Structure formats: C-alpha cells, structure tokens
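In what comes next, chain A is part of two complexes: it sits with chain B in the first one and with chain C in the second one.
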Partner chain A sequence: MHSEQPNYTQVFLTFARNSLIRDMTFRWDFIIQAVSSLCWMLMNLGFYLLIFQYTKEISGWSKYQFFLFMATTMIINSLVQTFFMPNAAEFSELIRTGGLDFALLKPIDTQFLISFRRVEWASMSNFVFGLGLLSFSLWQLEVMPTWWQVLLFPVFVFCGVLIFYSLMITLAATSIWLGRNQSLYNFWFYITNFSRYPLEIYRGPYGSWLQWFFTFLIPVLVVVNVPARLLAQEMDRQKWGLTAFAVFAAVMSLLASRWIFQSALGSYRSASS
Partner chain B sequence: MAAIEIENLTKTYRVYRKREGLWESVRGLLHREYRDVHAVNGIDLTVEKGEFVAFLGPNGAGKTTTLKLLSGVLTPTSGKAEVLGFVPWQRKNEYRRRFALVMGQKNQLWWDLPAQESFRLHQQIYHIDPTEYEKTLKELASLLKVQKLLGQPVRELSLGERMKMELMAALLHSPEVLFLDEPTIGLDVVAQHDIQNFLREYQERQETTILLTSHYMKDVAALCKRVVVVSGGNIVYDGSLNGIIDRFSLHKVISLQFAEDQLPGDLSRFGDVLEIQPPKAKICVERAQVPYVLNRVLAEQSVEDVSVEDRPLEEVIAQMFADTTEEHRPNQLTEEPTEF
Partner chain C sequence: MASSPEVSISPGEAITTWKNWFSTHWTILKICLEERLVYRGDFALGTLMRFLPIVTQIFLWSAVFSTLPSTNQNGEAANIQGYTYHQFVAYYLLTMISRAFSSMPGLASGIAKDIREGAVNKYLIQPIDMMGFLFLNRVAHKLVYYLMAAAPFALVFFLCRDFFSGWPPTETLLLFFLSLIFAFLLGFLIEATIGLIGFWFLEVGSLLFIYMLLNFFFSGHMFPIDMLPGFWRTLVELIPLHYLAYFPAAVFLGQIEGDALYRALFIEACWIIALLFINRIAFYYGVRRYSGYGG
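Now for the complex of A and B:
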C-alpha cells in the first residue's frame, strides 16, 4: 500500500513553509537578521568603493565589472545561507545530542532530510540585494545581456551553489567522526573566502599554486568566477573551457560529498539515551 | 509468526577513558586509552506478532541500545536481527515505513510550531494517503483527548501533552512494530495513567507488536504479559511478571493481627520482623517455611486476621538488579557532559 517513494518536492515545500511560519512567529528576530546581514553587504560594498578610489581596475576587472562579480558572490552565498547553512550548523548539534536518530528512522533519503530541514528566509534579503546590485552594475556597464547569458547565468549560479553545498555537507559529515565540530563555520569561512575574488589575482609562484589548488582540488574558485565572467567579460576559448569544467566540478563535488556523507553515517554511534 | 528475531546480537563501544585532572586531559590529546563497553552482549530473543513485551533493566543495561539496533539507528558489532523480515541496519525505506521509535527523553516535533504542522510533514515523508491520514489523526487525537492542543506550539505544551503528541506522530503511519523507550519518564501519575490506558487500548485495537522499556513497574504491570529483564547487556529473565517473583523472591511477607493486644514478644524466631504496630505485625519468612510458620503462629496465638503476600515487585527487581550488576561490572555509558 505504501510502496511509493515520498514526494521530495512536496516535502521540501513543507519544510520551507514550516520554516516561514516559524520565522514569522519571531518576526523581530527575522527583521534584525535581515537588516544586519544587509548592513554587512553594504559595508563590503563601501569598502570596495574606497579601493576603487585608488585604482581603475583590479587585474582586468573595472569597477562595475567587479561589482557585478560581488553581486554574483552575494547571490550564491545568500542561496547557500538560505537553504543549507542552518541545516549544516544544526547537523553537528544533531550528532552530539543523538537527534540524528530520528532522521535515520524516516523512510526518506537521510542526506535530503538533514540538508533541507530548515530554510532561513531572512537570508533572502541578501539575494534581493545581490540581484539589485547586479542590475545596477549591468546598467552602469551599459550591457544588455543576450538571451544565452540570461539562460546560462542561473545555470552556473546553480553549479556554484552545488559546489558550495558539497563542501559544506562534507565538512558537516566530518562531525560524525569527530563527535563535535565547532570549527565548521571557521573552516567554511577560510575556504570560501578565496572564492570571493577574481581568478586573475592569483598570480606568481604562490598565487598560481593557490589557483591550481582551489580550482582542481577544492573547486571554490570556479563557483563565482564562472557565472560572473559569463555576464561581465568577453568570453574566449580558455574561458569557455573553465565554464565547461564548472559543470564537471559540480557533478564530481556532489558525488564525492555524497560518498563521504554515506560512509560517515556508517560510523554514527548515537548518544546514550 | 515472529515479528522480531534476534540471534546473538552484540554491540560493543570503544570508549575513551578519561582520567581526572588537567594534566591527564592534556596527555589525553596525544595518547588515549580506550576500553570496550559491551552495551549488548549476545542477546537472543524472539517476539511474536502482536506481543507487548517489556524490557526491564537498570540504567546502562543495554535496553536503549537494543531498541536502537532494532530501529537501524546503530549497526551491531556482531550477531543477527530481523524485524518483519528486514535487517534493520540496512535502513530500507520499506522497513522504515513499517515501524516507529518513540524516545521519552527526546523529541522530534518542531519546537516552535503546532504539532499538526509536524504531523503534516510526517504524512508527506511517510506518504500516507490523505483520507487515511485524516482518519488516523482524528482517532488518535480523540483516544488521547488532545484535539484542542493540535494547534498550539509544542513549546507551550506540558511534558505529558508533548509526550502524547510524540506518540501521535509515531503512530500516524500505523506502524506494525513500535519501540517505546521510557515513554512515561518524568510524567506525573495522571499523565502516566493516560498513556498506559492509551497504549493498552491502541494495542488491543491494532495488534501492534510493541517493545517497551520503562523504569515504572506500573507501566509494565498494566501493559505487558511478557517481561524480559536485561542486565549488563545480557538477558537474565524472560517470562511473565509474576514469574519474576516466583523465581527471584525467596521470601514472603506474613501480616498478622492478634486478638486483644496480645502481641507475643518473640516473633523474631519465625523470621525477620519488618514492622510491629500492636496489634499488627509483619514478618518476612522464607518461602519454604511459610506453611510451618503459619501453623505454629495460629496454634500458639489467638490471631484475628492473617495474610500472606509476595514482597513488592519493585523490591524484588531492585534486588535482582543488584545481584546481576555485581556479576557484570557496571556498564553505564558516559553521560552527556554538563556545560557552563
């Protein structure tokens, strides 16, 4: 009678709905969260406005090209923060307290369940802000995106989100082995920090080593660079090459993180009652 | 047909042995000593479909670990188990749709939302047919008398009300096997009684196979015909509740009421004198000696009333736990650390 699989989309929508109901219950918390992260975005923007008083470009990225890059960073980060950050943070806690038991009982994919349980709607304010900054930069650059740009940009934003998600779930999964992993946020910040700058700045013996490492081993450099370049720069063969690589990197990251997550689950030992 | 079959099931944890003091903690960073804790130590058990079985045992006896193994939350170190024909730790969805686990010390409902929102989520995760879901929900709510509480945020409910909601959440998909880990812990007498009544009625109606662990003997006495006593990871008794008394209680209590304040002074020659409240007295006597003692007392004294009773079940079981834990050293897992 109950042989069918659960409807994953419907379950996700209910998660999103329940999260929204909860957020609305504590509306001031919601508003403060949205406002404070917006302030952080504005301060960031102000910082780069300062820098561009001293220079015309940063390794080939003009002011508004760079702002377009920043807008892409905001869009991708806000999506990760909205959908995955609260879940990854809670996962570590679920392991320490043994709450993961309940997730393991449910007739639904465990990784899906713990990845999507909560949605932090307040972070969507950054998404809207990012979209605004993106349109403003395009307008300043006097660029009218072509249809293929409009089509491909979201696709590669999605690839970027997948890579970040994979990294995050891998970090979270390690807390099964470590018992407790509070350095999760820090690690996340250290690594993703590299993704916030254009690929071109990683030059020289140290820089090119970093570029290689963060493109091929932990592919965080392609996350923002690929979609941002699509909109902001002239594409050439080499750039298309990296774009194709981004798809490959997204798929590989996802597979690798899935494998790590599954084997970590095998070592789960629960907490005493 | 057997619903649960367990054969030589073993779960061993490796636990970090922490020594006292700061220096030892620092040393522990580099060199750790471990010891093995045998939480479940080769258990054999068969439970038939529709049975209501109680798991008794002191803290750390392995009751919860056994339930977690049968729920597939943990993978055993060795041994076999099948529930409804499935190996639990393979975590097949077909299996997970057919059982439920309720833990009295943990909750799975969304804390800030009304329980009905969590229920709706269960409906979707378990893919329960909407009309059937509505019907089950109504039935459960009226059996537990919580219709009015469904729309109230869980954090505003009392402990007892919350437990009822947890039970509902676990039963919405009409599981064939139900694992209950101390469902009445911390509840007041009324709430305990409500939950006992509910479980009894529900089990009779649905013929669910239920494994219950509890510290409250009243739960067990009210609900279960069969009792399995675990201690130190082993099964030390499997049978009826009264059987425990027959097997483990070597004494009975004789209560006497003497006529006209004639309380004989030398009662201690019959057995341990528990209590003297003239004209009444209670003596604890070895079981084999009961007929002999009664005979003599009745012959020698004028007695108005007499009764022979078993020792209270709690006492017998406490004694039994004390005996068994002496054999196997205490096995308790480390508790959650208190943080400041």
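Now for the complex of A and C:
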C-alpha cells in the first residue's frame, strides 16, 4: 500500500471554507448566533462591573487588570469554540451512531479529521469582542505593551488553547468507553469554570489544594492566568516559573490526550449495522 | 384527565371515577419514577456536579470580602447591600433550591416541537386538556426529581451548614415554601406560554434563548438583585423573573420581611393569575390557527 501523504494545511483550509459557505447560507442564523453569544459576554461583563462597584480589587487584580483577564478568557474560549467545540460534540454523535467507521476509513489521521472538520465562525464574534476589551483595558491601565509582551501573549494564548483542546478531546474520547456523552458538556463546563478566575482567589487550605490540583494534574489554571499575567501584572521569578511550566503543561497535555485518544480508538466497536 | 365528569352521577359512581382518576395518575407517577430510577447513579453525580460552580463563587466572594474592612462605620459586620460573606454563599445555595422548583427544562421547546410536528393532535382528539396534562406531568417529574435530589442536596447543605445562621422563624419558613410553590407555578406558566407562541411562529428557539439569557441574569441566579443600582433594580423588580430564583432565597435569609414580603407575594400571585389567563387565551386562539401537519 503506497499512498501519498495528505496535505493537512490544504485539507484544513477546505474544511474552514466549507464551514464558512455553510454559515453564509444560513445568514440570519449566523447573525443571531453571533449576537446572542455577544450578549452572554456583555452580561458577564455587567456582573463584574457590578462587583467592582463594591470593591477595588479581586485578589490583587484591579478593575481593568481583571477585565484584561476576562478578555483573555474570552479570546481563548472563543478560539476553542470556533475550532473544536462543534467537532467534539459531533464526535460523540459519530460514536453513538457508528458514523465513526467512515472517518476511520479515510486516508488521513483520524484525530485530525474529527478535530477540525467543522469551524464555527460565529464564535469569532467573541474573539473580536475579547480583543476590543483587551485593548480598552490596556488603554485604561495606560500600559503600552513592550515588544516581548506582544510576542509572548499569542504564544501563551496558543498554549492555553492547546490545553483546553487536549482536555476536550480526552473527554470526547471517553465517550467511546462510556457509550453515552450527556455529561460531556457539563464536565467541560464545570472543569473549565475554574479557569475563569485569577488563581490567587483560591486561598486557604481547600484553595491551595484546588490550586495544586488544577495546575499540576488538570492544568486549566495556567490556561488564562499565564497570558493574562504577562500583560497585566509585574512579572517576578515565581510568575516566570509558572509561565515556563505552561509550555511544559501544554506539550504534556497534548501528548497525553493523543495517547488517550489512540487507546480509546483501539476499543471502538462500530455501533452501526 | 384534568376535566371533571359533566353528567350527574351517583355518589358510588363518583367514588369509582375518582378511584380511576387516582389510579391512572398513580400509574403515570410510578412509570415516571421507574424511568428515572434507572439512571440513579448518574443522576446523583450530575446533581452533585451542579454545585461545583458554587465552589468558585465561594472563593470569588471570599476574595471580594477580604478587601472590605471587617466592620463598617456603623460597626456592622462587612456586608454588601445587607449580605455578609456567609449570607452570599447561603444565597447561592438557596437559589439552587428555587431553581429546582422554577426551572422547566424542555417545556417550551417541547410544546413548540409538538406544534411543529403535529403532535398536538393527540391532545385534541382525547378528552384531555393539553396544558393540564403537561402541568400534571411536570408535577410528577418534579416530585421524582426532589425524591432523587434530596440526598445530594442534603449532603451539600450539611457540608455548608456553617454558612447558615440557623433556621429562620416558622412563619418565614412557611412563606419560603409558599414562594417556592409560586416559583414553580410562575416558571411553568412563563415557559408554557412561550411554547404556545409556536402556534404563530413555529420556531421559538431564538426567543427561548433570549428568555434564558434574561432569566439567567435577572432571576438572581448570578447575584442577589438588590446589588443592582437604582434604575436597573426598579426594572428588574417590575418584571417577574426575580421570583424564580432571587425571591425565595431572599425570603429565607430574611432580606425581605413583613409588609414588603406579603406585598411581593401578592404581586406574584397576580402575575400567576394574569399569566394563567394569557396562557388559556393563547391556547384557545392557537388551537384555532393550528393545522396539525404530520401527526
């Protein structure tokens, strides 16, 4: 069996293009989706505006520093939602219906195929909003990012996306073993919920335990904290340490999730008849 | 099922009719129970997980309160709009109870789907009132839910008992239960009426989304609505959504007392009656528009 290696970039661009065509076919649906997810963001923002009516800072994060943190959360989450969320949901469906057979037959890496098939362009509205909030917060903080900040921020946003992706693909892969996936979204939501806050808020005996657990075992706490700190706070040795750890965590999560995905595929038994 | 017999009958027959009515509903309830009990492990775990976001709320509010001086100029313990740190946590836990009563997953979208796919036919050709049936069905579902969720709820509240400063007085407790039942009725009527809009628009998905969004923010699920500044607070108190999560919790915590409490309950009762009328009218005219495709 001699076959040519598929051109992954080309395949991905085709997926992206097809998704865009599909989105533009149902234009109103696209607009409604974009607007409604923006409304969620605004409500969230409203909630913290309200909190900052009563306090000046949350665990050392001033109002606009915290908004910068939120903007980073939005940027990372929107990227995950755009590229991976619809695919993970579809994957569980493929397992339940046995449609995964067709993905396995294609002469391309299965994980690549099921991870990138759909792109949900509507979620990019949150990305744009996140960027806007980021710039606004920087302007309010009167911070002009230096060249290394401009360079490193996207790198660590990317690391964060990788960690979230690994977590998602791991959760999706478990539905091969468990057969049902109703709690997939819930699990995802409940775990990533911990990443939405600065890690300094997890204090006290339980807090430090949680901090340890969500930094070293399931590293969701470094996802937003590391890039947000880079822009918003003075960096010291300890913070640089965590930054370096984020790279390590991203690589390790990706490898671990790859391994889990492959072993899960090994125990896949088709459901179709 | 909800309709009473129209012909005049002897007492003996009446008893038989009621026996039949009771056994029918008892069977429905039993089936519902057994259906739900199949996944009891999954269910208990799912219910426990629903409390996880409260963990982050506890830490968040602890961080907020740590920036406030421990007593204010009046010598009271640090509070935001009358809520101390412990009351904040208690508030979030209590809204979980209110929402267990007021949330109606799948009700509106289910009604809209029945309309779209012609499944309303099955109610129209039987001597059953669709809204009455859905209401009883929902009551049964909720009863099963409370039966199953009691243990996880009790566990969480036991673990968090230090956030509560004891039981409120009996009167408050009774009014708290009343407000929960009202929350159930109000939640049912709002969602059912949104579902009925399907007679006119067929697709209510985006409408439901807007409702969900407003509900999440203005029901008090996210924060106690007395935190809102002037204009917003008035606005939120004008629309009935705050009865779905905020109100019962605030009653339990003694945030609303005396005349204000009875007045709020009275307004809520008015909303329920008004919505009941709107619901009946919408159903009456909706069915006349309905063409029963599919079926």
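Note that the second predicted complex is superposed on the first by the 270 of 273 C-alpha atoms of A that agree within 3 Å, B and C clash if a C-alpha of one lies under 4 Å from a C-alpha of the other, contacts with A are read in each partner's own complex, and residues count from 1 in each chain.
Here, a contact is a pair of C-beta atoms (placed from the backbone, for glycine too) under 8 Å apart; a residue touches a chain by one contact, two chains touch by 3 or more.
Note that the coordinates shown come from a computational prediction; the quantities given were computed from them, not determined experimentally.
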| item | value |
| --- | --- |
| Which superposed partner A:269 touches (first chain B, second chain C, both, neither) | first |
| Partner chain in contact with A:40 - chain B first, chain C second, else both or neither | second |
| Which superposed partner A:200 touches (first chain B, second chain C, both, neither) | second |
| Which superposed partner A:108 touches (first chain B, second chain C, both, neither) | first |
| First, second, both or neither for A:51, with chain B first and chain C second | second |
| Chain A-touching residues of chain C, taken from the complex the two chains share | 42, 45-46, 49, 52-53, 55-56, 59-60, 62-64, 66-68, 80, 206, 209-210, 213, 216-217, 222-223, 227-229 |
| Residues of chain A defined as touching chain C within the complex | 32, 36, 39-40, 43, 46-47, 50-51, 53-59, 183, 186-187, 190, 193-194, 196-197, 200-204, 207, 210 |
| Contact footprint of chain B on chain A as seen in their complex | 1-7, 10-11, 14-15, 18, 21-22, 25-26, 97-99, 101-102, 104-108, 110, 113, 266, 268-273 |
| Interfacial residue positions of chain B with respect to chain A in the complex | 13, 60, 64, 68, 71-75, 91, 93-94, 96-97, 100-101, 103, 105-106, 108, 110, 112-113, 117-118, 120-121, 124-129, 153, 173, 181-182, 333-336 |
